[in-house]
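In the two complexes below, chain A is the common chain; its partner is chain B in one and chain C in the other.
Our next item is the complex of A and B:
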């Protein structure tokens, strides 16, 4: 029997649905789909209320990833695509969501999604995506006021973290915790570039570093890199982190240390997940745009 | 909205900032014709306002794209900034 290859980078995919809602009784079913470079999410709203979501890995083609994410969110609800009245696509693959009524940038969608998750107090959002990161300032309605992105390379992003997980053989979800199981904080690795990360990590292990120390050093380097982007914008609290890396405390706590501001954490019992912020924002845009269309046709 | 397009790398920070609130009322769209590299594109933003953005394919190459306007010996002015009468454009380098 062939030996199973363990994929340490593989984060758990997620499906959630609010069983207390009967979507058939809703007047407006809308969806947001975020096709990122590493992960894709779909969020479905029933009359503007969160009904279901699905988070999955992006495949080699954006339209298929979008369909897979949406099918996952609809699964088990006896819902089909025809039941969804308005779809907004976002993320790097947003223009490749064939069934979307409109594409909206992930900047506007993350701001809107964060505003829904945290409330009007959220003013600064750091989105740490699969292959880029962005800092967004928004008003109390979640409308973007100022943004900056750094999309030159995958350093300090989800993809970079996956490479490290694989190189060190540590499940990605354990990286944050293990990066604090060290005697003292090591200096950040000199190079967070994904291309060199693997060889640098292997080099440090050969030099006698423990796996946890390498993880700490890598998390610190990532935190340092994104912090310089955050500081360029100046942070106004509340500060919230979206995207997959928001779940990596090893990076989050080191960012907080550098910028001297704590990020808002969602309550432990929440059904929300910072990784769906973009798709959630897209679904909220879809709801507002559908209402606008309905109002316009009622007036016509 | 203040939109910052660009990146930082080992050699420095390369951002073009556009205050898109000023674009909403702009009648001339002067940036589009002024830039020899055609970096400025007028598009509807996410809130349906027609504003200037930096062409998607150029956002990771600003250092190279703007090099001719910024000779090593220094520069006194830039075509884009001079052309934009509402004063919406600035560069970080």
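Our next item is the complex of A and C:
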């Protein structure tokens, strides 16, 4: 029998719903859909309150990924797309969300989502996505003041971490923890290029490094690369990290060490997930835009 | 609209003509040679004194890239030289400019000099001439020096022609090229209107085609374009965000089209594919060569020629203010050292004077999706649309 291939890169898809809310009693159901290069999220709000969300893998087709994310968030709630009055699409596939009323960039949406999660004190956001990385400065409302993005390659982003998980045979969700199970912090790998880092990592294993030491070295390299981007923007606290890599303490703590600023952590018992920040921001914009539309039609 | 020969027929003169010329530039050049029996000089960068070439009955065709992937330049030019230089050389190696009768480089940057040197070695094209246009145009000796070099260049061109170039020849060249500059400036003036009657993409086509189309024919098309505008042209650009582009060479229609599809209009530029090449007219003098030397020393500077004082910065800010630009897209060809040295101080200068910027690094082909995110997010910050609403409005 062929041996089952384990996908170490595969992160847990997530579905959450607030069972205490009866959405049928709400006047406005709105949604935000974030179709990223690696993951897609849908967030549903009931009268502006977080009701449900779903985070899933992006497939080869953006409209299908958007539908899959939304269907996942609606699943079990006896809700259909027709019940949602306003949808904002975001992420690199934002213009390919067929049922969206409006597309807004993930830069604006992550800032808005981070503001909801942390509050008005958040001023700098690092979004570490699947294939890019953004540093965003915003005001107390979550409105973008300035932003900077990484270069065009995917080095030092979520996809790179997935490749390393597979190359080293370590489940992606264990990487952060294991990267600290070392005697001494190693120097960062020289290459953060996704392709070269993989060969460098396997080369280090052959040279006698432990898996954990290689993981530490890769996390450190990713943190260095991202920190140089952060420092180009100048960080003002509160500083918050969104996107999938926000859940990798191995990278987050090393970034904090380099820039000398601690990132805000969500409480341990929160239902919020930094990976849904973009979709959450989009849903909040959808809520505000629906109100705006309603006011305009009332005045007309 | 293909003719029996397969060449796309030129549409009636007007704003559409420039895009047609841009997309069929080699067909135009070959057809022009056949029609006129005259010669074409390949121009490397925008400092070649076209007046002297035109005085001899020839035209200059600026060497440009093709915005397509290529694999022919690797043995001939360094990988860390800018993609524009590499793309231009690729066009030569692929034989796209096989109609050149000669080539001239007026010195600007070392990367482009490598393109020229490699072209001479591996492509060849009749005559070639390296014109050492001074980089330190701010030196008090630059104009005298350049006048001397222009005299040598004129003598060289006379050798190619087999006749002398008289003052009357030079005056004819100066008149046609100056008129071209004046007409392009007139088109740019229209862009100051709250509802610009031409898009940034259309203006890019107008400015860049001036660098390879016979100027007398280009002038006719510009006059037709002006008539079209004067007749009350409306391309629906009122209420869009007004942007400027600043930086390295950029004649990428896909990029400009994308940026302008997002509710923005490029109203002004400081780029060699645009205003920098035609901005200042030549001021006539009894000594024609001195007048030409002064014109090229006085033109808005490429960063290779903008030291010790950075004259470009106040010029760029003046353009932004006069044309009402709400923000600037700052562009750098990857590895373009002269521009790279300017990017940080230029962005700080503009931002400190109220012109927000976004930076993009260009390659021979550009990733439109990632660029779109950057431009769209930049526009969102400029637009100030209320996306936040009011929690206490009594609604849901």
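The rule is simple: the second predicted complex is superposed on the first by the 297 of 300 C-alpha atoms of A that agree within 3 Å, B and C clash if a C-alpha of one lies under 4 Å from a C-alpha of the other, contacts with A are read in each partner's own complex, and residues count from 1 in each chain.
Everything below uses one rule, namely that a residue touches a chain if its C-beta (ideal position, glycine included) is under 8 Å from a C-beta of that chain, and two chains touch if they have at least 3 such contacts.
Fair warning: this is a prediction, and the values are worked out from it, not measured in the lab.
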{"item": "Partners on chain A (chain B, chain C) - clash or fit", "value": "clash"}
{"item": "Touched partner set for A:149, first chain B, second chain C, both or neither", "value": "both"}
{"item": "Which of chain B and chain C A:92 touches, first, second, both or neither", "value": "second"}
{"item": "First (chain B), second (chain C), both or neither touched by A:15", "value": "neither"}
{"item": "Partner chain in contact with A:228 - chain B first, chain C second, else both or neither", "value": "first"}
{"item": "Chain B versus chain C as contact partner of A:182, first or second or both or neither", "value": "neither"}
{"item": "Per-residue touch tally on chain A - higher for chain B or for chain C", "value": "C"}
{"item": "Contacts of A:289 with chain B and chain C, given as first, second, both or neither", "value": "second"}
{"item": "Partner chain in contact with A:261 - chain B first, chain C second, else both or neither", "value": "neither"}
{"item": "First, second, both or neither for A:272, with chain B first and chain C second", "value": "neither"}
{"item": "Partner chain(s) touched by A:211 [first = chain B, second = chain C, both, neither]", "value": "neither"}
{"item": "Residue range of chain C overlapping chain B upon superposition on chain A, of 133-141, 205-213, 259-267 or 277-285", "value": "259-267"}
{"item": "Footprint overlap on chain A, where chain B in one structure and chain C in the other make contact", "value": "104-105, 107-108, 143-147, 149, 151-152, 285"}
{"item": "Complex interface listing, chain A residues touching chain C", "value": "26-28, 47-48, 92, 104-108, 112, 132, 141-147, 149, 151-152, 285, 287-289, 291-292, 294-295"}
{"item": "Of all residues in chain B, those that touch chain A in their complex", "value": "1-5, 7-9, 13, 15, 46-47, 59-60"}
{"item": "Touch list for chain A against partner chain B, complex", "value": "104-105, 107-108, 143-153, 228-229, 232-233, 285"}
{"item": "Complex interface listing, chain C residues touching chain A", "value": "361, 367, 369-370, 373-374, 376-377, 380-381, 386-391, 393, 395-396"}
